[in-house]
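Heads up: the structure comes next, in structure tokens.
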């Protein structure tokens, strides 16, 4: 029983991190109708950025998150404005291919710049735990979970309450709507992608504190983000919290009860099932 | 006259909305039945229910005496039900000729499996609707009126027994409407039963043997065109109460 | 060009390719084998992706099942190679039918992602089954006869290309194209869309599986990571789209050109070859989104403006 409780806690903490990883992907998908296959690579870049801030400038990984977010936002804005805006109206294959191309480029650049070695961000408090009865909660994971959930909720409020947020949501239905809000569509698309990549950057910074990073983690992370976005649906940013938690818990349970190599089987199996049963996501609108 | 199509208490609900409500009518062989009604009355839904792209929530649809309610769209097409789409949806990347050839390759029965023969048939149907000059163009290069005719040619190439025309005259000018009316009459004379959905009352009145009026998803009148169009409830539904 | 001229040219090209092992060096023949296998995969993907319009990311699964069919038959059951090919193809076709039925109901991105996820599930399941050698993999008996593998791969490519050529002239192929262009429109005209999609998926899977079988015997080693490599699937899509999806020769030309580019890059600038590959993909999607086949068709009339027109058509 204690073991199950521990596994559930681990799953929930992991799920919070998954939520913020997928948030940017879901936002870009929902608004721009681009499934960004490079999303995981941007998470990877964010993780390396946080690692460098910590190792060379001594900036605490959590305090460094705003810097990571701003830099990655700039990168995202530039990529959308410079490249993706050129193909926004092209067929789906092409948007998939171009983001895959970007993924390849980012992965190789990272390999050239950072080498293929594993890195970890290890602040002094990395090993500390909080014990709640029989369950042990690692401080860093708890903090990462808290930041992830807080940011996801903040994102939700931003989309709901601010003028730019409303313009972005309106654009998800139709591009002309952006003009009604007085925002130039190209700028709006770039802002949306920038925000998505900024969130990926933060997710990367958090990921670096709880897991090892290398240039190749991107592809798997992208796949998981898909799964989460699909389970949660694209309509509501809070959906990714549910999607993240579902995936985190299922993975943890599968690893415990079936075997360590079955974590991914479980998560992708759930994805396929959800797609077949409810293509608009567990929480999405029914078509 | 025997019934080719029987609609028996058919209802279709969408989330929170009844698009077609308990509608029943029969269509006799060789007849042209006009279906009119204000926008959003459920006319297109009715066509989709008959052609099989939508399933009814309740009720039964019989074609030549056999229930087709449970059959998928392609099976109904093979039994001899052809339809046109109000929102014209050709196969955009194919040539006009090949768009129609698809109808001849599949369509009623099982179609032909010989591509050259299908194209030959397609060319005849294009001539029939007056599109033969555009045979080698891409379908998405056709203008609105051309696409309306293409929809007709595609459906005719299926060699259907029953043709469902969903607003084939909307957006056409007087000359073009007269031409389409002519084509539809010729289609009927070749032995095909026709259900026409239309907004243009004048056109449909002269064309139809019988008129059916749908309002808010319900059938409110069914009979001789002149009698139906002077019916009080129909006038109210169409023109609003003030003018009635 | 008349149809007979084209056939004559195709026959000459195939004859020259078939003669390659007699005058080419070992390195060239090996490059030839891997290129031909990629071309078969691109051509196989063309059936479901290019002609039917379903962006499958599951074709690497067919490849993997085909490879394992050969490996299991030869290593675990000591059966001949061709029995393994049949076994692998059967597994792939069965997989395509069983999973195609639910998955092919999904459209657009959702289909793409479902097949991507399925590929991961299969890879993970296989790596836990003893018959498949689990994570360690299987080592096949080596056969030092590259010319044979080369001719086999070439024959398979010719078969795949003839099948696609047949598609463009057959009722079945017209049904697939109609589904790609407008699925609902196809259904009301009498196309059995479900059956046709599943058949296209299975046919696509058949060729991918046979390519996988040749690859396994040629490389003589197989593990889940190499058999179910997702990037292989992305490669076949890129090759097909680069050459021209939904055309008879586009995917083959795309595979040859891109393989040549990446071969030259990896010998000239080893460390950054992958980087350049990525850049080529990005540039190709922006400048020539409908592939080489479309360039050949339109370059004569629009010249260099072709590229600018493409960008203008798809940007905002």
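Order of writing sets the chain letters: A, B and C. Residues in each chain are counted from 1.
Just so we're on the same page, contacts are C-beta pairs under 8 Å (C-beta built on N, C-alpha and C of every residue); 3 or more make two chains touch, one makes a residue touch a chain.
Everything numeric here is computed off the predicted structure, so don't read it as measured data.
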If a chain touches subunit A and subunit C alike, it appears here: none
Distance-to-centre winner among chains (Cα means, whole assembly as reference): C
Chain separated most widely from subunit A, comparing mean CA positions: B
Subunit A-subunit C separation of Cα centroids, rounded to whole Å: 31
Centre distance in Å when subunit A and subunit B are each reduced to the mean of their C-alpha atoms: 49
Centroid spacing, where centroids are CA-atom means, of subunit B and subunit C in whole angstrom: 42
Sites on subunit C touched by subunit A in the complex: 49, 55, 102-103, 105-106, 108-110, 112-114, 116-118, 120-121, 124-125, 127-128, 135, 230-231, 234, 237-238, 241, 245, 271-272, 274-275, 277-282, 285-286, 289, 311, 313-316
Subunit B residues touching subunit C - in the complex, by the definition given at the top: 51-53, 72-74, 76-78, 82-83, 85, 89-94, 98, 101-103, 105-108, 110-113, 115, 118, 154-155, 158
Touching residues on subunit A, where the partner in the complex is subunit C: 29, 35, 83, 85-94, 96-98, 100-105, 107-109, 112, 175, 185-186, 189, 219, 223, 226-227, 230, 259, 261-262, 264-265, 268-269, 271-272, 275-276, 279
Residues of subunit C touching subunit B in the complex: 169-171, 174-175, 177-178, 180-182, 184-194
